[in-house]
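For clarity, chains are labelled A, B, C, D and E in written order, and residue numbers in each chain start from 1.
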Amino acid sequence: MSDASVLNKKKFSLQGIIPWIIPLAIILFWQLVVSIGWVSSSVLPSPLEVLKDGIDLTIKGELPQNMSISLYRATVGFVIGGGIGFVLGFINGLSKVARLTFDSTVQMLRNIPHLALIPLVILLMGIGEPAKIFLVAIGCMFPMYINTYHGITSVDHKIIEMGKAYGLNRSAMIRKIIFPAALPTILMGVRYALGVMWTTLIVAETISASSGIGYMSTNAEQFMDMKTIVLCILIYALLGKLSDFIAKNLEIIFLDWRG
Amino acid sequence: HQEDNAKLKSVTIGFQAGDEFDIAKSRGQFAKKMEKKGYKVKFKEFQNGAAMMQALATGNVDYARVGDTPPVSALAAGTKLTYVAAGGTKEKGSGIIVKKNSGINSLKDLKGKRVAYTKGTSSQYMLLRALRKAGLGVDDIKWVNLDQDAAAVAYSKDKVDAWANWDPTVAQVELTENSKLLVNGKQTGAVNRSFIVSPAKFAKNHRSLSRLIIKYGEQDMHWANTHHAKVIKLMVKDLKLSKNVVQLAVKRRVFGIYKMNDEYAKEEQKIANTFYQSGILNKQVTISKHVDYLK
Amino acid sequence: MTANILMTIRDISKVYGQHIVLKNVDLDVYHHEFLALVGKSGGGKSTLLRLIAGLEQPNNGEIKQSDRLIEKTNDKARMMFQEDRLLPWMSVLDNITFASKNTQAQKEAKNLLDLVGLTEYADVYPTKLSGGQKQRLALARALFAHPDLLLLDEPLGALDALTRRNMQDLIIKVCQKKQITTILVTHDINEAVRMANRIVLIKDQGIKEVFENPYQGINTTEAKEKRALIADDILEKILN
Amino acid sequence: MSDASVLNKKKFSLQGIIPWIIPLAIILFWQLVVSIGWVSSSVLPSPLEVLKDGIDLTIKGELPQNMSISLYRATVGFVIGGGIGFVLGFINGLSKVARLTFDSTVQMLRNIPHLALIPLVILLMGIGEPAKIFLVAIGCMFPMYINTYHGITSVDHKIIEMGKAYGLNRSAMIRKIIFPAALPTILMGVRYALGVMWTTLIVAETISASSGIGYMSTNAEQFMDMKTIVLCILIYALLGKLSDFIAKNLEIIFLDWRG
Amino acid sequence: MTANILMTIRDISKVYGQHIVLKNVDLDVYHHEFLALVGKSGGGKSTLLRLIAGLEQPNNGEIKQSDRLIEKTNDKARMMFQEDRLLPWMSVLDNITFASKNTQAQKEAKNLLDLVGLTEYADVYPTKLSGGQKQRLALARALFAHPDLLLLDEPLGALDALTRRNMQDLIIKVCQKKQITTILVTHDINEAVRMANRIVLIKDQGIKEVFENPYQGINTTEAKEKRALIADDILEKILN
C-alpha cells in the first residue's frame, strides 16, 4: 500500500488502464469470433449489436427504468438483509449462548438456493414487491452474517483483555475495540453482499415481475433474445465493477489506519 | 436423393418429462428400432422449452420436442430451425383454471382479475386468445408472470384468481384445489400442440432420418393411445404425480407424431402473428418458410 | 494495621497445564504503597499481576481487594501490560482517553502526552511510533486512569537511561498525587529500590522474600547508599 | 475457545442439543400450520409427508442416486473452481501487476448470476457433464478467490519483513509465512465455496440434466410435487450443516495454533 | 585499514513525511567488530538498523556492504527486531529453524534453546511464553543464523539482571565463534561498554560521537574501571 502512494501521476494513469485490458481483450476476441463467423450472430451477437441494443433500450427508456426499479429493490433488500445479518452476526459473535442457538440454523439456511426458496417466499410474502425485496434481503443477510460473526470472534484476545483491564463497559468495548477490529472482515462481507444483492435479483424478479434488470434478463432468455441476454450480462459485470468500487472506497475511508 | 451418410451413428433428441419422447424412451422400442437402422439414440432431458431451443441453436441437439411457442420465439430470434413433425394437442387439458367458488364463471368475469401465466410459453398465447374471444382488451386483466411452482403456491393461497396452464398441472389443480377449467384450448383456439424441430441444416441433410423418427414415433404413440393403463403407470412413476391426476390428463389427450401439414403451420403462424401484434416478439416470422413437409 | 490493607492475597496457586507457575502465594498490599515485584524471567510476575487484575483466576486460594473477592475483571485496578497493546485504529491521543467518559479529560491527556514527550505525535496513529515511544504512550494511558490499584508490567524496559529516569519520576509523582497504590514489575533492581517502598522477590514459584525500603524518595547521600545496599542484597538473593 | 475446553461432559451434550432447538421449532410450527389447515397440504405438505417422501425415494434408490451424482458434480466443480480461485487469489495477492491485470475482471465476472450465464455456458461447453461442472466451478471460484486474495494482502507486514530479514526466498516465504497467516481467511473462503457449491448445482442441473438433486428439485417444481420440493430444501439445509461441519473441522485441524 | 571495512554508510538521510529522522550520517563498520548503538528513545536507532538491513531505503546517501550497494533486503545481514515478531503457527523450535534448509540444523537449534533456557518449551506454541521467554526465543532465532552482519535491536530489554548477563555472554560467544560482525542497539550503557568495542552515540539526527572501547572482554579490575569511565563519558554526552 505504502509504495502505491509514491507512484507518480504517469504510473497512476497506467494503473487506471491495466484493469481494462482483459475485459477489452475479451470483447475484441468476441467481436472477432462473431465476425469470422465461428458462431452465428443469432447465437452470439457481436459486441456492436449488443451495444446498439443497449442504446435502443436506453432511448426507449426501458433500460433506465428497469435499472432504477432494480436498484431500488437491491438497495432496500441490501439494507434490510445486510442489517439483519450484521446484527445477528454481531450478537452471535459476542454471545456464546446466541451462537449455540442460532449459528447452526443460519449455516443450514444459507445453503438453500434462492431458486428453491421461491414457493416458500410466495407462501409467506405473496407475490408483490415485499416478496422480491425479501429474497434479496435473504441473499445479502448471509455474507454479512458470516463475515461479521467471523470478524468478531477473531478479534485479538489481547486487546480485548486490555479493554477489560481499562474498565470498558460492554457497549464501549464493542464501539471502541470489537467493532473497529472486526471492521476489515465486516467490510469484506459488505463486498460479498453487494455481489449477492445483484445476483439474487435475477431470481427475485421471476416472482411476478414485469420490470427490473433480472426480469429483463429472464424474459430475454425465454424469448432467446441473445442481444439482451448478453447486454444483461454486461450490465451485471459493470454493476460488479461498481460494487467493487464502493467496497474499495469503504475500505479506504474506514480502514485508513491500516496505512 | 442421396442424404443420410453412413458415418452418422448417433442422434440426439431433446425431450421434456411426460412428453411423447419420454413415452418412447421409457417403452424402449424406439431406440431398438433406430439402432437396427444404424442410429444410436441419445435422449436429453430439458426442464423448459427455452433451454432446449438454446441447445438446438448451438447444435447440441438434433431434434427437439417442444411446445408450440418456443420455436416461434426462436425463429423470431434468428435461430435457423425447421419444423419436421407435429405432435398431438392438449386442447382439452389446457386452458384457464379457476377455483369453483371464485365467482368466475365466464371469460368476461376475468376482467380486473389477477391471472397467472408463464411468459414465453403457451399459457401466454392461451390468455391472449381467451381475452380476444371474450372481447376483453389485453389490459383488462392483471398479468402475473410466474414459474410453475411459484404459480401453484400463489394460486392455492389466492394470490392470483386464475391460472393459464396445461396438463398434467391442470388436472392436478382441478382435483386438489377444487377448481375447474373455465375455458379449454379447443374453445379458445390455442390448441397447445407439440412440435418436433431440428436445426435447419440438419433437417435438410437428414430427411430420411426424420421420416424414420416420425414413423417409429407414431408407432409408439399408437401404442400409447391404446395402452392408457401402461402409459399412466409410466407417468405416475416419472412425474411423481398421483394416479387420478395422470389418469385425467392421459384420458383427455391424444398422442401422436405426424408429418407437418398446412393446418399445423397455420396454428403456429397464428401464434407468431398474435405475439408480434402484442409486441411480445419484435419480428414477424413466416412459419411456412421453416417447415419441411416430408412426403 | 489491617485497616490499612487494600488487598489480601491468600494461598493462591496458578497452574498452566502441567506447569506450576505460582504455589501458595500470600501477600498483603497496603493502601498507597508502592510495591515492586522482581524475579527471574518466566518466574510468574506477569501471571501474578494478571491474577490481581482479575484477568485470570487462580486454581486455588483467593484474592480480595477492599474486602471484595476478585472473581472477574478487577474494576478497581488498571494494568499496563508488558507488550504495548495499543489500538492501531485510534490516534495517539485517543489511545489515552479511549476508556474515559469525561470529555474534560482531553486536557489531562494532552498534559500527560507532554510529560511522556509525545506532544507532537498526538494525532498520528501509533504504528508511526518507535518502540520506546509506544511504551511511553502505553504508560501515559495507564497514568491517565484513576484506579485504586495500578499494575505496571515492565513499563520502562524499552527506554534509554535519561528518559527512563524521567518516567520513573513521573510515575512516582502521578501515583502520589492521585493516591494510587502501585505494583511495579521490573527487571532493574536499582529502579525497584528507587521507586518502591517494598520489594517482593518472586522465586521458585512463590514469594521468596519481601524487602522493606524506608529510603524510597529520600535524596540524601546516605539514603542512596542504603538503597544500594538493599539492591545488592536483592541481587544476591536472586542469584542464589 | 479456551473456555469451551473446560466444559464438562454434561455441558457438552447440552451444547450438542441447543443448535437443533430452532430447526426443531420450525418443523413443529410447520406441522402445526399444516395440521390446523392454515395451508393446504398440497401447497405445503406436512413434515411427516415429506419424511415419508424421503424414505420412499430412498428405498426406490432415486434419492441416493441423485445425491451421489450431485455429490460427484459438486466435488469435481469445487476442486476445479476452488483450485483456480485459490491459485488466482494467491497470484493476485502476491503480485501487484497480476492484481492490476486480473482483479478488476474477476470482480466483474463474479457479479454475473449463474442463471444468466447458462446460455453462454451452453454455447461454450455444450449441454453435457462438463457444462454442469463448469458452472459449479465458476461458482466456487469466486469465494475462494476473494478470500485467498484478501487473506494474503492482509498478512501482517511486520512478519513478512521478519521473513525477509531472515533471508527467506519467495517460496519459503509463501509456505512458512504468507500461507499460514492467510489460512484463517482462506478457510472462510472454503466455507463460502462449500455453500455456493450446492447452490449452483440447482442452476447447473437445469442444463439438460436427468439426475441430481438440483434436477430433482426443478423437476418437482415443474410438476408441483411440493413434497419433493420441500424435501430438497431440507436436504440442502442438511448439506449446509455438513459443509459447516467440514469447514469447522478444517479450522480445528489447521488453526490449532490459535488455541 | 579499508580492506578491513565490511560496511560503509555514506551521507544517508531518512525522512518520514515532514519528520527528519537521520541526516547526513556517515559510518564505517569493520569486519568482526562489535558495535553498539546508543541514544535516546525515538532517536533513530531502529531506523538506522532497518536501513542497514535493507528493509527501508534512505532518502539520500548510500550503504554498501562488501562493496555491494544495499538496494533491497540485505541478504548478508540478519536482524532481531525490537518486538519479538515470532510466528504464532510454529512451535518454539520451528521458530528458530524456520529459515534454514539444513535438516542437520535441528541439533544446533536445540542447543541454542538450551542456552537461552527454553529447553522444555521446544514443542509449544510461542503464545505460551512469558515476555522475557519470547525475547530469548527471538534471540535464539537470530543467533541461529550465519550472517556476515548481525543486527540486534534491544535484544535483552525484557530480561532480569542474571538472565541478561548470561545472554550477553552468549551473544558475545556465538558472534566470536561464528565470526559475525554485530551491531547492537541498547539502552543500557553498561551493557554497551561490556559488549562492544565501539559505541556509537546517535543524537540530533546523526552520529554525535563514536567511542572506542579497547577494554571490551577484558576481565581485570582495571579494565572494568576504564569501562565504567567510558560509560560515564557516554552518559554525560547523552544528557547534554
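Throughout what follows, a contact is a pair of C-beta atoms (placed from the backbone, for glycine too) under 8 Å apart; a residue touches a chain by one contact, two chains touch by 3 or more.
Source: prediction; values computed, not measured.
Common neighbours of chain B and chain D (chains touching each): A.
Chain pairs D-E and A-B differ in how many C-beta pairs are in contact, and the one with more is A-B. In terms of their C-alpha centroids, the spacing between chain C and chain D amounts to 50 Å. Chain A and chain D have centres, each the mean of its CA atoms, that are 17 Å apart. Mean C-alpha positions place chain A and chain B at a centre distance of 38 Å. Residue positions of chain C touching 2 or more other chains, listed in rising order: 83. Contact of a single residue of chain A with at least two other chains is seen at positions 43, 119, 123, 221, 226.
Residue positions of chain B touching 2 or more other chains: 54, 58, 147, 149, 152-153, 157. Chains touching one another, given as pairs, are A-B, A-C, A-D, B-D, C-E, D-E. By the touch criterion stated above, chain E contacts chain D in their complex at residues 53, 55, 73, 75, 77-79, 81, 83, 85, 87-90, 98-99, 125, 127, 141, 145.
Per the touch definition, chain A reaches chain C in the complex via residues 158-159, 161-168, 172, 176-177, 180-181, 183, 257-259. Taken in their complex, chain B has these residues touching chain A: 50, 53-54, 57-58, 73-74, 76-80, 116, 119-121, 143-147, 149-150, 152-154, 157, 159-160, 280-281.
Of all the residues in chain A, the ones that touch chain D in their complex are 15, 18-23, 39, 43-44, 96-97, 100-105, 107-117, 119-120, 123, 142-143, 146-147, 150, 154, 184, 188, 191-192, 195, 198-199, 201-203, 214, 217-218, 221, 226, 229-230, 232-233, 236-241, 243-244. Residues 14, 17-18, 44-48, 51-52, 54-55, 58, 60-61, 147-149, 152-153, 156-157, 168-169, 172, 176-177, 239-241 of chain B are the ones that touch chain D when the two sit in their complex.
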